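Multiple structures follow.
Paired with chain B in one complex and with chain C in the other, chain A is shared by the two complexes that follow.
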Partner chain A sequence: MRIRRLKAIAVKELLHIRRDPRSLIIGLLMPFTQMFMFGYGVTLDLRHIPVCTFDREASQHSQALLKNFAASAYFAITRNVRTYPALVAAIDRADCKVAVVIPPDFSLRLTDIGTSPVQVILDATDDNTANIALGYALAVVSGYSSGVVLDALNRQGRELQQIRPMKVQSRVWFNEDLDSRNFIIPGLVAVVMALVGAQLTSLTISREWERGTMELLISTPVKPSELMIGKLAPYLALSWVDAAFCLAIAALWFGVPFRGTIFTLFVTTTLFLIVVLGIGYLLSVLIRSQIGASQIALLLTLLPATLLSGYVFPIDQMPSVVQDITYLVYSRYYVTIIKAIFLKGSDIPALAVPILYLLVYAAAVVVLAARAFRKNLG
Partner chain B sequence: MLSRVTNILIKEFIQLWRDKWGRFLLVFPPVLQLLLFGYAATFEVHHVSTAVLDLDHTQESRELIARFTSSNRLNIVERAQSQDEINAAIDRSTAAVALVVHAGFANLLRKGQEAPLQVLVDGTNSNTALIALGYINTIAAQFSLNYATELAERTLGIVGMEQARIQVTVASRPWYNPDLNGRWFFVPGVIATVTLVMLVNLTAFAVVREREVGTLEQIMVSPIRPAEFILGKTVPFFVVGLGIVGLVTIVGIFWFRIPFVGNPLVFILGTTLYLLSLLALGLLISTVCSTQHQAFSTNFFVLNPLFILSGFSFPISSMPDVLQWFTCINPLRYYLIVIRGTFLKGIGVGVLWPDLLAMAAIAAVLLTASILRFRKSLE
Partner chain C sequence: MTSPGPPAQARNGDQVVADDLVKRFGDFVAVDHVSFRIARGEIMGFLGPNGAGKSTIIRILCGLLRVNGGRAIVAGIDVARDPEGVRQRIGYMSQKFSLYRDLTVEENLRFFGGIYGVPRADLAGRIRFAVDMAGLAGRERALVATLAGGWQQRLALGCAVLHRPPILFLDEPTSGVEPASRRRFWDLIHALAAGGVTVLVSTHYMDEAEYCHRAALINHGRLIAIGSPANLKQTALGGELLLIESEALGATLAALRDAPDVLDCSVFGNALHILVRNAAKSLGELPDYLAAKGLRPGHMTRIAPSLEDVFVQLIAADMASRDAAA
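On to the complex of A and B.
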């Protein structure tokens, strides 16, 4: 390996980057636009779920119950309907996600039998929203319910015996307010960097093949390993800048608590970038057409980085076959690492397992790229 | 004119088919992706890994813990002996939730005083944490209620006190998805996104490649008009897109058993408009870029926001207003409403017409823009 040849390749690659300023600008803009868009756009917190009410009794009691819904920050009553078809239409059009139906004999049943059902209709096409909304609705109704009991006891003049045998004291670690932003944004850095990295290197070699300049490169004394390092070095520098932007936005703009050390962050991020850039390079060596390489790169990064990395969808809830497959998704390790560094303040020994996986990955990619290249030459 | 368009069409089909990778890419990845992501994408929380620590060792504490153990929502992975072990389990993420019953728990209970059950939750995944807390609170409330009734009957002699039993119950009716099955929500969404990613990229490369390889000049000197050229470029990919959607929809219905209760014609109409808007988007990218690498970067730049800000997994209503406005120009947003609406809700054009119209408008605007851009780039 000669430094001179390495440098020549790196300079050549830099020229490519400079001649195509638009790709460079996109590469540098990616962290900003994506971090800001998703930092604000990606949230699982539910507030003001639109509710449709259908009060078939219209009594003091039923109105009091509905007032509890209106007072909750989780619900917003956007519609009051008087007929069942109107309710169906509101849910069908997705104007409302939840409909509360109070039966015509609501108060009567409460005084006579003691219990009365309230119907909560949910648009369950989005099961997660429906599930969480149902939880909130249960809380609102049981709050009203115990209010009724207290009233009844007081009216009878009975001395209130408050028996509250157990209380759940929950303490949430690492993300004390259960703010979904704190959990999503560190993972977002991993997703954005996986995309940026793939975008930077997936076409470098296939471009040379397609333009016919590969034969020229082959005829020079440059070795496959020199070509790889020379080609990747400028992009590593570029993606360091991108990663720094992303991380700074996460910590400073969105205020995600950063409890780890910069050193751990730097080491693991560099390792991840090497894997990402290396995979892109490997693809472009293997697939000689740019359209093929781009298509594969998109398929391997865009959706897997989001869906299989544990970024928002918990891996341990997936079927075990899919869980096994996620070990192939390199973003998975960095998502684990970066969340742990940000929220738990983990250091390198605590992260040994995912780091080891990334190291194995990096080694495999480098070896494969070198081998594939040799074959290609022949 | 017709023969010129057919010539371009034949050329495009040959080009698509000749590429070995291209052929492979058209069939295999959509199905594989749907299978993978269909299983992967879910917010359902079934087996929350739980660690328990019982420092009280009484009948009451065991009873309480048995209630948690018998729940199929929680999965007891560790029975710790000390608080340190509990902390370590949460730290190492072996358990997402830890339950601690402190010494003296039963004593407090018997006296009718508040006995604490300590719950530690790993909040790194806030959604899972929130749902797990919901499960725990429900189980704890049941235990509480049972114990309170028993205690009241034993100590105060209140038997069958009507007033204390008053309660309003909730009868929940989850429409369209009675079991709250996450797959029903996500599989139609994955069908839409897989199509988005594949089709926009393919089309975006269509014109750029001609330009980069230098064959665009040859086409320019031929008598073909820009609109004809664009049409010839679009139709093959439209056919490919229909094929992809058809294939993955069949997998969705027969493999994942997602019910399709709507009108297939409405679905086909929506799919056609969606594909047109994706093709138009790809063509526009194609005409503004001069190299394939630029087209590729632009794709990444554009596709990810379209995917994330569509309502695929993150509710649009929770986004800030500015981003909500942005989703109005996102064809995926409308298609998701159409595909979920026809699969699960069985709603027709009467409800879906604004979304269909929006996709048609997006397709028309983008197509016009790309034809204009293309004409300009020829000059």
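On to the complex of A and C.
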């Protein structure tokens, strides 16, 4: 290994980057747009779900219940209808996702038998939204229901404690507001860097083959390992800038609390970037066309990183076969690491297991990439 | 430029030894049992049609292709055993231009200086030498993409000699270059050879064979003739050459095909080139032979063959023998 050759290659790559604006655009613009697109596009919190009400009683009780819906941040009452067909039409036109129907004998049943059904109709074309909306609706109704029970008990003059022998005092750690953005955005940094990093290096070797410069390069005494390190070094520098950019957007723009240390972040991010850049380089060595290598890199990084990394979809809720597959998805280790650094302030010892996995991955990719490069035209 | 002839008696110091090289791509035999040697300071020319196997042989010698048979020794090193050792001692210009077009003249030179580990203290001087040699003084900061073909090729040569390799492999370095630039390029090659550099250069310009100390003619992967230009002209044809002018080219050609002692004849401009066993004998006999057939040829004389004559004849003979074998 000669430092002189490493330097010559790294300088040459930097010149390519400077003269070819495409790689700079991939390098700087892609992370920026993706952070904002995914950052705003992907959120699991539902706010202001449009609600249509059909109050068939129009009593003090029924209006009080509907006021609870209106007061909830999760719902927004957009329509009040007076007939059932109008309600169906409102759902059909997607004017609302949820309809609340209060029966005509609502108050009567409450006072007479102490209970009354309330109908909630959900548009389940998006089952995830429907599920979440149902949960919120149940909470609103049961909240009102408890109020009614308390009123009744107060009127009978009985003590509260006797009815509620146990009470859960919940405290939410790490993401106190249960804001889904806080756990999605750090993972998003992993997804974006996995995508961008592999794209950057997927072009470096295939470009030399396509332009015919590789034939001369392999006639020189340059070693495969020197070529790899010399080519990866400038992209590692560029990716550091990108990663810093993404992390700054996460912390400063989206306001995700950062509780870890910059040192832990730097060490783990570098490790992850080596894996990502190494994968792109390996593909570039194996597939000697720029288009081919960059398409395969996109395919190999986008789907696993978004679906199997646990950045949005929790891994422990996946079928066990799929869970086993996720061990191959290097992004999952960095998703785990970066969420922990941001929200829990974890240090390196606490993250030893995912860091170890990344280390093994990095070593394997680097060795494979150096070996896959053959200095002949065969 | 006249060629001063190959340096004499350098057989022990042969810088390039090809011994029975065979290279197949699938069923296609690209190199078919080729053997030759090149002495130190010698300029060996590879001639032959496109696809004859010239580039393949050069790539084998550079360690870029593995052989299916035979052995290549370059600078005393077995290419198959220690390709890296060979690579440090050779300079290579590939057929397709392979410098970085998006880098400047100087950036390319610096890059190859770094790759070959040219001592830092020497680098500036070597770069200046290469720039002057290529005639690119004052254009060090120009992007290579903006240079004309001849300049690009001279820069490629400059990059190839930056580490002062004892052996140069130049694959069609003058292809697509205008005649004046080609001439200048050959001057550079001769200057390098005079300094002791061994040069193997391929070309498809037949006239460039005259610039080589020795030339090898390659067709269908086989080496069909090798020797100095003068030697090739004298012996490779296997006969002597006559020129016959005639009003009735077609009829004369047909008649000569069957004439005694005529080995071959072909139309060359508005005259015929006739290959015969003995020029003096045929000059005496042919006028009568043609007159008997009612033909009255014009001026008839013995001529010295050009290398082009030699190559055309050799390739035609090679084709005929291949057809006969098939």
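For this structure, a couple of remarks:
The definition used in the following text is that the second predicted complex is superposed on the first by the 341 of 378 C-alpha atoms of A that agree within 3 Å, B and C clash if a C-alpha of one lies under 4 Å from a C-alpha of the other, contacts with A are read in each partner's own complex, and residues count from 1 in each chain.
In this section, a residue touches a chain if its C-beta (ideal position, glycine included) is under 8 Å from a C-beta of that chain, and two chains touch if they have at least 3 such contacts.
Here the structure is a predicted model, which is why all the values come from computation and not from measurement.
Taken together through their common chain A, the two structures put chain B and chain C side by side without a clash. Legend: residue contacts after superposition of the two complexes on their common chain; A:D127 is shown touching chain B, with no touch to chain C.
In the superposition on chain A, A:S72 contacts neither chain B nor chain C. By the touch criterion defined above, A:A8 lies against chain C but remains apart from chain B after alignment on the C-alpha atoms of chain A. Judged by the touch definition given at the top, the superposed model places A:S331 against neither chain B nor chain C. In the superposition on chain A, A:S239 makes contact with neither chain B nor chain C. More residues of chain A lie in contact with B than with the other chain of the pair chain B and chain C. In the superposition on chain A, A:S294 contacts chain B only, with no contact to chain C. In the superposition on chain A, A:D20 makes contact with both chain B and chain C. The gap separating chain B from chain C at its narrowest, counted between C-alpha atoms of the superposed chains, is 13 angstrom. Taken together, the two complexes place residues 20 of chain A in contact with chain B and also with chain C. Per the touch definition, chain C reaches chain A in the complex via residues 59, 62-66, 83-84, 87-88, 90, 92-94, 96-103, 107, 110-117. Of all residues in chain A, only 2, 4-5, 7-9, 11-12, 15-16, 19-20, 211-223, 375-378 touch chain C in the complex they form. By the touch rule above, chain A contacts chain B in their complex via residues 20, 22-23, 26-27, 29-30, 33-34, 37-38, 40-50, 65, 89, 91-94, 110, 114-132, 134-135, 137-138, 141-142, 144-145, 148-149, 152-153, 156, 158, 161, 163-176, 178-180, 182-183, 195-196, 198-199, 202-203, 207, 210, 287, 289-292, 294-299, 302-304, 306-308, 312-314, 316-319, 321-322, 325-326, 339-340, 343-344. Residues 19, 21-22, 25, 29, 33, 36-37, 39-47, 49, 64, 90-91, 109, 112, 114-131, 133-134, 136-137, 140, 143-144, 147-148, 151-152, 156, 162-178, 180-182, 184-185, 193-194, 197-198, 201-202, 205, 209, 212-213, 289, 291-301, 303-305, 307-309, 313-315, 317-320, 322-323, 326, 337, 340, 344-345, 347, 351 of chain B touch chain A in their complex.
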